[in-house]
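Following this line, the structures themselves.
In what follows, subunit A forms one complex with subunit B and a second complex with subunit C.
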Partner chain A sequence: MLAMLDDVTKVYGKSYGLRDLTLEVPTGQVIGLLGVNGSGKTTLLKLLSGLLLPTRGQVSVLGEPPRRVRSKLVFLGETDAIYRWMGPTDAGYLMSGLYPDFCPQRYRALLDSLQVPTRRAGAMSKGERVRLRLAMALAREAALYILDEPLGGIDLAARERILQSIVGQWRADASIILSTHAIAEAEGLFDRVVLLKQGSLVLDALAEDLRERGESVKSTFLEVLG
Partner chain B sequence: MKGLHTLLWREYRSSRGWAIGLIGSLGLWTWIVSMISNEGVENRLALRSLIITVAFAIGVIVLSFMVGRLHTEIKHDEHRTLLLSPIPGYLHIVSRLVFAVGVGLIYAIGLGTLTWWVFSQAGAHLGASSIMQLVAAFPAFGIVTLLMPTLAWVLLLVLFANAYRLSHLTWIAVIVMCAGTPVSLLYRGINGLDHHLPVWTTAPGITDLFNRLAGMPTQGEGSMLTMAVPGVVHYGDIVGAVLLTGLLVFLAARLWEEMEG
Partner chain C sequence: MTVGKTWDLDMAAGPIYRQIAQHVRRALACGVIKSGDRLPSVRELAQQLKVNQNTVVHAYSQLEREGIVETRRGLGTFIRDGIPVAVSQRELLIAAAQRYAREVLALSVSTEEAIEIVREVLDAGDVG
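Right, the complex of A and B next:
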């Protein structure tokens, strides 16, 4: 098993971010993590990446606490977090110095396919910055890619390019967990769908099974959470 | 080593505006000092020394703000690329400290040179070896005993506040606690070590000048000069400050490893 959350609860002050959640992530899957705002998606992804520590329960990636295997994890957060002085060349230099699995050739190819401009991040639009951050993230050869809302606030044309890049970088020895509200565009990507509601798991199903039943991910989402 | 090199490069790219501004201000301080032309050697010397002391203090404050911008990085989640990297926490802290101390060193050597000029103008008999020693005394005394522990403390404070998501009210308690700890440790260290370690007389010509000024009517100004210029550096101060900086860096590195993002 690539990653596992075992009966995990995360409490923020008096409110629950996640409640008694158990989830297994095998190798080679693209998992769609879905839920309305505040359902616990970001908390789950941060726990898996090691950015948060569970209040109760255990989180492991490759059998270790996530922080011990940081070199095997990619986390792309939903916030617009990038140094404003940094252009694509600076970003490539920084990433290759920090992450041994960063592949400069793949990074350059991603910059081209995502049409990232060469100017510094501070002078880019939000969508351009997201594409730069995605190129930085996907140019790594990690075991688990954790992508939190990479399509949020992005125009349709750019969404298509981003989704194509994610598909293009998929490897059989790695898994991708993708949280998104753009279900209709992304559902073709998913091998498996995990739905959260108020910090609890309400559905964990293979996308193929849904399709066999004549249901789409979007219709299931609306049925379960609507 | 590649990780440290990359982190130093990041720090340079992020903070070069601050560094260039501070080092560039040496021109301003030189101009201000050269404009002072009071009657009387000791008055002129006292005023010029005071300005150099103020310049050094401003340098420490500017560099503290420079490293304290880590708070803004954390607030905007910009630090995540660093936090999630497999580079050990202490390298992240050390890189920030090394860059700021490097900038401080250039600044202090500039002020040391200015001090040498001021004392030469005042009639101190400074030989070639004294020039080097005086220029070196500023970094040894000012950088090691003041700047290094201060910057390490600022980094620890910023990480502490962000790791535990402190509110505005608890900030006050934390500042009092964190300010008190290094100061008390430093004084305990200095008092304990000073008796056992030798002293370094940086420039005998300056000590002679102090002795001459101490005999003059302007005795208060003479004692102020001894504060402005380290004529004698106690090795105990340096050892104590290095130990304190090491402790603060260790704690900051632990917090970097443990903090949530």
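Right, the complex of A and C next:
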């Protein structure tokens, strides 16, 4: 098992971010994490990456607490976090300095396929910055890629390119877990889908199994959460 | 090799691996691909279709089990030699005929009339 959340609860003050959640992440799987806003997706992803600690329960990646294996995980968050003075080349140097597993060749190929412009981040659109940050993230050779809404607020053509990049970067010895609202477009990517509702896991199924039963991930989502 | 470029996958029409395998069989039956042709790599096709690479692997395995393709290590997946295209064509036509037959039965039309309509449509070359 590559990673695991074992009976995890996360409380924020008086409210539950996640409640009694157990999730196992095998190697080589692409997991779609779905749910309405506020259902606990970001909480789950941050717990998995070690950015948050659980109130109860255990989180492990490669058998250890996530913070101990930070070098083996990649977290791409929703916040537009990149120094505005940096261009793609500067960002590449930063990543090379921080991460020995960062691959400059793959980075350049991703910058190209994601059509990231050669301007400083401050002069890029939000969508262009997301694509830059995605190139930075996917060019690392990690065991677990945790992507929080990588398609959020992005135009259609760019969404297509992002999906293609994620598909292309998949390796059998790594896993990807990503949250998105663009279910209809992204569903083809997922081996497995996990649906959250108000902090609890309400569905965990293989995407092709759902389709075998005549459903789609989209129809299942609407049925379970609509 | 344009396999994959214009394919329509319907996420609600059953497992994707099965739809991919069907598209390959269809391309073969229509002569778009032939014996000896190389199918796109798993990664290429997955990216074109924006589906999981495992799904493409599943489709190619299925086709290999059916004896339509063979994977040559390091080279790719190829349509096998000597695949009888006529057989695939017949299978596709039978499937189409079954769809037509369902309509015919639902409308309680006689077999003679159903065949006559097919003849008219084919003679007129009007495929809608």
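The criterion applied here is as follows: the second predicted complex is superposed on the first by the 226 of 226 C-alpha atoms of A that agree within 3 Å, B and C clash if a C-alpha of one lies under 4 Å from a C-alpha of the other, contacts with A are read in each partner's own complex, and residues count from 1 in each chain.
By definition in this document, contacts are C-beta pairs under 8 Å (C-beta built on N, C-alpha and C of every residue); 3 or more make two chains touch, one makes a residue touch a chain.
What you see is a predicted model, and the numbers here were worked out from it, not measured in a lab.
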{"item": "Subunit B versus subunit C as contact partner of A:Q164, first or second or both or neither", "value": "second"}
{"item": "Which superposed partner A:Y107 touches (first subunit B, second subunit C, both, neither)", "value": "neither"}
{"item": "Contacts of A:F221 with subunit B and subunit C, given as first, second, both or neither", "value": "neither"}
{"item": "First (subunit B), second (subunit C), both or neither touched by A:Y145", "value": "neither"}
{"item": "Subunit B versus subunit C as contact partner of A:K46, first or second or both or neither", "value": "first"}
{"item": "Residues on subunit A engaged by subunit B in the complex (per definition of touch)", "value": "46, 49-53, 67, 70-71, 73, 75, 77, 79, 81-83, 85-86, 90, 93-100, 136"}
{"item": "Residues of subunit C that touch subunit A when the two form their complex", "value": "9, 11-17, 43, 46-55, 58"}
{"item": "Touching residues on subunit A, where the partner in the complex is subunit C", "value": "28, 30, 160, 163-164, 167-168, 170, 184-185, 187-191, 207-208, 211-212, 214-219"}
{"item": "Parts of subunit B lying in touch with subunit A, wherever the complex brings them together", "value": "2-3, 5-7, 9-10, 13-14, 76-78, 80-87, 257, 260-261"}
